[in-house]
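In what follows, a single structure is set out as structure tokens and then discussed.
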Amino acid sequence: MSAAMLIDEVLATAPAHAVVPLVQRYHAVRQHSLGLVTPLSPEDCCAQSMPDASPAKWHLAHTTWFFETFVLERWEPDFAPFHPGFRMLFNSYYDSVGERHPRPARGLLTRPSLAEVLIYRQQVDARMGTLLQQLHANPEVQALVTLGLQHEQQHQELMLTDLKHLLFANPLRPAYVARPAPVDAAEVAGASRAARPLRFQQFAGGLVEIGHARQALDDEATAFAFDNESPRHKVYLAPYAIADRLVSNGEYRAFVEDGGYDDPLLWLSEGWAWRQAAQHRHPLYWEPGAPGAWLAFTLGGLQPLRDAEPVAHLSYFEADAFARWAGARLPTEAEWEHAAGAAWAEARPGLRGPDQLHPQHAAEAQAQWFGELWQWTQSSYAAYPGFRPAPGAVGEYNGKFMVNQYVLRGSSCATPAGHARPSYRNFFPATACWQFSGLRLAKDLSELPPGG
Amino acid sequence: MSAAMLIDEVLATAPAHAVVPLVQRYHAVRQHSLGLVTPLSPEDCCAQSMPDASPAKWHLAHTTWFFETFVLERWEPDFAPFHPGFRMLFNSYYDSVGERHPRPARGLLTRPSLAEVLIYRQQVDARMGTLLQQLHANPEVQALVTLGLQHEQQHQELMLTDLKHLLFANPLRPAYVARPAPVDAAEVAGASRAARPLRFQQFAGGLVEIGHARQALDDEATAFAFDNESPRHKVYLAPYAIADRLVSNGEYRAFVEDGGYDDPLLWLSEGWAWRQAAQHRHPLYWEPGAPGAWLAFTLGGLQPLRDAEPVAHLSYFEADAFARWAGARLPTEAEWEHAAGAAWAEARPGLRGPDQLHPQHAAEAQAQWFGELWQWTQSSYAAYPGFRPAPGAVGEYNGKFMVNQYVLRGSSCATPAGHARPSYRNFFPATACWQFSGLRLAKDLSELPPGG
Amino acid sequence: MSAAMLIDEVLATAPAHAVVPLVQRYHAVRQHSLGLVTPLSPEDCCAQSMPDASPAKWHLAHTTWFFETFVLERWEPDFAPFHPGFRMLFNSYYDSVGERHPRPARGLLTRPSLAEVLIYRQQVDARMGTLLQQLHANPEVQALVTLGLQHEQQHQELMLTDLKHLLFANPLRPAYVARPAPVDAAEVAGASRAARPLRFQQFAGGLVEIGHARQALDDEATAFAFDNESPRHKVYLAPYAIADRLVSNGEYRAFVEDGGYDDPLLWLSEGWAWRQAAQHRHPLYWEPGAPGAWLAFTLGGLQPLRDAEPVAHLSYFEADAFARWAGARLPTEAEWEHAAGAAWAEARPGLRGPDQLHPQHAAEAQAQWFGELWQWTQSSYAAYPGFRPAPGAVGEYNGKFMVNQYVLRGSSCATPAGHARPSYRNFFPATACWQFSGLRLAKDLSELPPGG
Amino acid sequence: MSAAMLIDEVLATAPAHAVVPLVQRYHAVRQHSLGLVTPLSPEDCCAQSMPDASPAKWHLAHTTWFFETFVLERWEPDFAPFHPGFRMLFNSYYDSVGERHPRPARGLLTRPSLAEVLIYRQQVDARMGTLLQQLHANPEVQALVTLGLQHEQQHQELMLTDLKHLLFANPLRPAYVARPAPVDAAEVAGASRAARPLRFQQFAGGLVEIGHARQALDDEATAFAFDNESPRHKVYLAPYAIADRLVSNGEYRAFVEDGGYDDPLLWLSEGWAWRQAAQHRHPLYWEPGAPGAWLAFTLGGLQPLRDAEPVAHLSYFEADAFARWAGARLPTEAEWEHAAGAAWAEARPGLRGPDQLHPQHAAEAQAQWFGELWQWTQSSYAAYPGFRPAPGAVGEYNGKFMVNQYVLRGSSCATPAGHARPSYRNFFPATACWQFSGLRLAKDLSELPPGG
């Protein structure tokens, strides 16, 4: 077991909030970020493949900037910034903190070099260590450091998705981490094995509660929540059914081969325009292989597409079109949370090695709620009734994105250990497909066949 | 009373569905469209000021195409199209019907001329008259003709909003209809009169029903509903308060003059990008006048901005930013419908003359639910639980737009008589500001001052 | 012979400058513009199909604005503008005169209506008539009115090319003027008749003079010249050969069918990018007809492509690629002028009816220097040595466009009578293909076969 | 003297073609490229600041690809490519060689890493060394290797200009090489020292010859020429005058401070559009400093603008506007070559250290024809009479760019030693300003004051 996996084990298995001291947790999360760039060159860490993605180096610096700006600057006596220019370079979107470097130009920041950014991290970590020794009991410090670590975990997933997008832009299709074994004939043959049968699980609905329950302090993952998961509130659900696993590559391939990308009636109007404009004919990262076969780009390089694995990197438009083709629909986020919450005890994601940054097929007992792919819901990202953003700059965190984005639930193979919970609300525009995003079907009960 | 107003009176005051025969209703609605272009030249009817808008001539032809394609073609013996090319030219977005002329190029269709389109209308109306004499009792014909008339009424409002946008693109700022009296000093002085005080009305919420109730057949306006208003379903509402009138120009002017357009913290992130990109500094159609004074472009030309009138032509982003500045929020569509439904008996809009295509200030007893301005809600436009689009081409009507649009409720000064009801769901992208769109504030009850 | 043709005959056959009084010439040119819009509806005159084109109504008003601004405003006692807003609306590019209406928005000017613009023309013409009676001997007035008339003649050609582009944007492919006879089988068969053989005429070159010779006052066409045709100056020409007719549709069709649009080595780098970006596969206005046959859109509607006619509506890139494919090159403007000047006496274009707005095939004795199609040269549009623009606003006429444009020589079937001369320099960007532009091949003498 | 300077001395002072054996010259030029990246990190070498610029790593690989593709592949027995993917990745624009990686995505090629590219260079250099030992007398090999080395020298200059643009995109304004001394008060004061007086030198013109004279084999620099410098041919020049030094920063500052960027009459129409669209108010790399003072970004970082130095990084539009403001014009390329050729013996550029990548002020005797800044001419880049591109892929070198580009003459402070000659034709679009481009004024003789 590598050092990185040991750190992850600390993060994943800590039974309760109180047991892992904050300072130990701080260093574990911070160390995990460094582990992610270990296989990368300075060039890999600097380039930016599109405005929506950021360089790994920028992620490393920005998450450090968060602690420097929101913690050290406030509580450190005689605070002086590591570098006066970094305040502007590594601010992401906090307009209240000051000017920002334009997002599409992040890949042009060859200076500071990766080496300098690593020194920046070391210095801030050392100062944070000193500060936390003294102020670990200060509730404001606790809250901001915890927020900063959750924030860094979000960026850890983004580092992987942004990197995957960057490597795919290279015609050489390089791998982030080499797969253990080369592609051989047996593997190609195995790729066509189908997923286990998909079943719909029924829920009676009614007046239910969703959102983060503040009292649930019994474990690390659910103790914390972002502001957008609150307040917990009542929702009325009509009876519904929801699938017991994700849609598989094989099922999605049938949609592709049935002409799903050529029938406008299957698509939302804006989705059809998106499909036309960019000439999408299949999911991002799929490539035609030998006649009748498909390849898929993974963090382990180009691989045969495996039918049993869940289909990944869908846009909302593709997920919605597939669901319509399949005679089903996307779940609402309330339906999803209600169903997944019931399964949380068994469903919480386990530990995953660095060579497993790819979703796995569903074994018989696995419902794939967490740890494989984020799951698009039909719910627009909006404030819960009574939502109030945190005061001050950190309040710019979530609320300002509550328009034209759609909620994804669950977590993915790239989500760090300890960063998943039933109330978690991820969100992206309907066009986004470079995330580890898949789909789970839902239906009205009346749409199920009798006895179904 | 003009002929146009007589027609409108027929449409507005018809007490029940059964009383106005369909054929009479058909001709009244069709005639109203013609009335709208009476003050216009052929050039006015041909030009297109932006891809989102359409020429008046196109509206006239497209609404005719609807009856020709969905009614005559199906039921008329020996059907022959008026012109084989019109099927493609005047299809709006029905992909299942065939090819379409590209939307941004509608203004280039100088042929057919306005005169030819008017002949097209005459011929189709004559054939529809014949057909309706024979088939007026056919329920499918009834349903499609009723849908076609509601569809035409939607386009009647669009003709006015699209035309307003076109005339504003002309530096001469021409009027659609001259205002009765010229701007004089008294009027300028009167412009600064404030609206009556705004109060919040409280609602206990709980489990309520929204959506169209099929059984409410007692009047014309509520007998019909689009598919997107169904099914009627239960929603849980937390206690809330909602304003008893629309936000006024004077209140919005205070926001502008307080630097509301310069403070990114008041805006959604995407809203701020929109405001920056186009350098918005005030609502569309406002122009700086004499120092400290504002002018507003209306269908009667450029006028002094009147503080007491409701603020119009806001984008969702502007409505949302104003609400945040005012310490309030936008209502959800369920909150809106629950509150407006209770007031429907008194609130239903009355008759309005062609020179009154402008929202009026709220008198003491008026809540402005209908007939002034559409009201942005915070609700993303989505399917109601159990929603199923109509089968066939007309099923492309509403469902395919259910992404990245926001619901507006109520109706406006440009909405035709008889085309408003509490369950009506209008929808536009968050950037749209050329519609007659305003806002009504809402609050959580906990945000109200004690006793408030 | 129609009135329009009578007017044209006055313009074309006037033997000398002195013989046609300026006032008579003024009214003849102005009347010709009106004749061009006779077949058009107000909508046809208002629409704008692309930013590079202008509505016919705008052309009518802008040419009038020229006389109002540069003549009446200066010499008319008690001058008052026809409409104060027109100064801005109908200014084309004279930055020194003041603000301008944005060019791409000219099609949105539904007001003033066509009727109002015609009144504008009438009033200015009446005032010009009065003024010219008094000041016809004033040399400055003479110079500016002559310039204004030449300017109007340029816009007369643009009215036709812009209108052709607009009509082509309409899927109904309407005609500006109906062709006398319908397309029949004989015509389709005749379309494949080839042009007469093409021969190269040799010139020894040496030190020659080009540019406008001020002393050549013996006829109307060559008495006037734009500033960019001067000064007359010496140029050294290497020996060269130039074709004795334009390239024909049949020859260009062979290039298309030989894969000319698919071979990047035939194209300039920027030309290839242009061809790729817009997916050009053949000249603008060509359309595939029956298998193996082509149609071409003309001002008389869609017609079978006739092989013997000269190929029209080429961009510089297409002309250049064809020449490379043909083992030839484009002439320089000096080569062209030297060769055409020698032929001017016989080559000057004759009178053409309004139903002949289309280039004709070359008869045995015809070299097609003038009156068929403008001919791309390889010469970038630049100042002649010693060039000095006219002082004042009219000096903005030509010099400011001397970058990134290429010179075309000759004249076209749409050029008004009396507006062609050997020294005339037309110019357009290399991408322009909506003009009546064709090509004439040239070669170095060393490239000719022995005895060739 | 550093190793890099020794290499440069070899290149610059070699008296004749025959004296420096090709293999020695090969290694010297190749080594110089490596010297240029010595101060850079792998990130610096990978990033791309705009589509027109390329990463340093790409330049290093592309110049190597040239030798591998055009020399090794043809003459090496048992040739095998270093990496099969490099053929596509590092092809610049040779369409006849095959597919190319899209130019704007060159900065995304984090793999191969800089280290791998350096190994690629080493291997190709070793193989070229072996090949040249055997085939150094083969004239085709000689010609292609010489072309490859000239090509690499062009890319050496581009490496510096592209890098300067990249570093300027970084708000930290980092330096490529530190300046020896920090900015102090004396330097700021010295910045306002004016250039020596500018004088115009007169030429009688007449029939002259320009272009490369093949027989001039007496030195290294003039022995070689690109195809676009031939054939040598006659041109007729009217009498003209040309400035005896470049325009200085101080002179250009006067233009800026006189409102030169606000007066449309000074600009070409397309230039004014360029200036408006990007809000240019001064040359690229200038920044306002203290009130009344300017800073300029250099490869040594941000520095006070020195009035005596020549103004650099102008677009054609800026050069043209300045000339108009100054009552002068740009020279034609023939005028420039005729004047510079006369001065070539004294004017040929000397040796320059790596810390001198910045143009110097003109001493009394210096005319700045070479070695300071490329000089815009008014000549569009076009084929000389009788020009014929080389056959095969290397013939794609120059001819395909002969449209919409303007010729610059001379050479710059970033041009490698031995890469300047009077007949050299550099070319860029009129908007390009990231090159070391300045201007030299010219006049018609009639514009000079009497005795001037």
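Per-chain numbering from 1; labels A, B, C and D assigned in written order.
Keep in mind that, in the parts below, a contact is a pair of C-beta atoms (placed from the backbone, for glycine too) under 8 Å apart; a residue touches a chain by one contact, two chains touch by 3 or more.
Everything numeric in this text was worked out from a predicted model, so none of it was measured.
Engineer: Counting one step for each move to a touching chain, how far apart are chain B and chain D?
Structural biologist: When the steps are counted carefully, the minimum from chain B to chain D is 2.
Engineer: Compute the centre of every chain as the mean of its C-alpha atoms, then state which one is farthest from the centre of chain C.
Structural biologist: Here the answer is chain A, farthest from chain C.
Engineer: Counting only Cα atoms for the centres, state how far chain C is from chain D in Å.
Structural biologist: 39
Engineer: With chain centres taken as the means of their Cα atoms, state the distance from chain B to chain C in Å.
Structural biologist: 47
Engineer: Give the residues of chain D that touch two or more other chains, as numbers and ranges in rising order.
Structural biologist: None at all.
Engineer: Can you check the complex and tell me which residues of chain B touch chain A?
Structural biologist: 93, 95-96, 207, 233-236, 238, 264-265, 267-272, 316-317, 320, 329, 378-380, 382-383, 385-386, 396, 400-404, 406, 430, 444, 446
Engineer: Within their complex, state which residues of chain B touch chain C.
Structural biologist: 41-47, 49, 57, 85, 88-89, 101, 105, 107-114, 166-167, 169-172, 174
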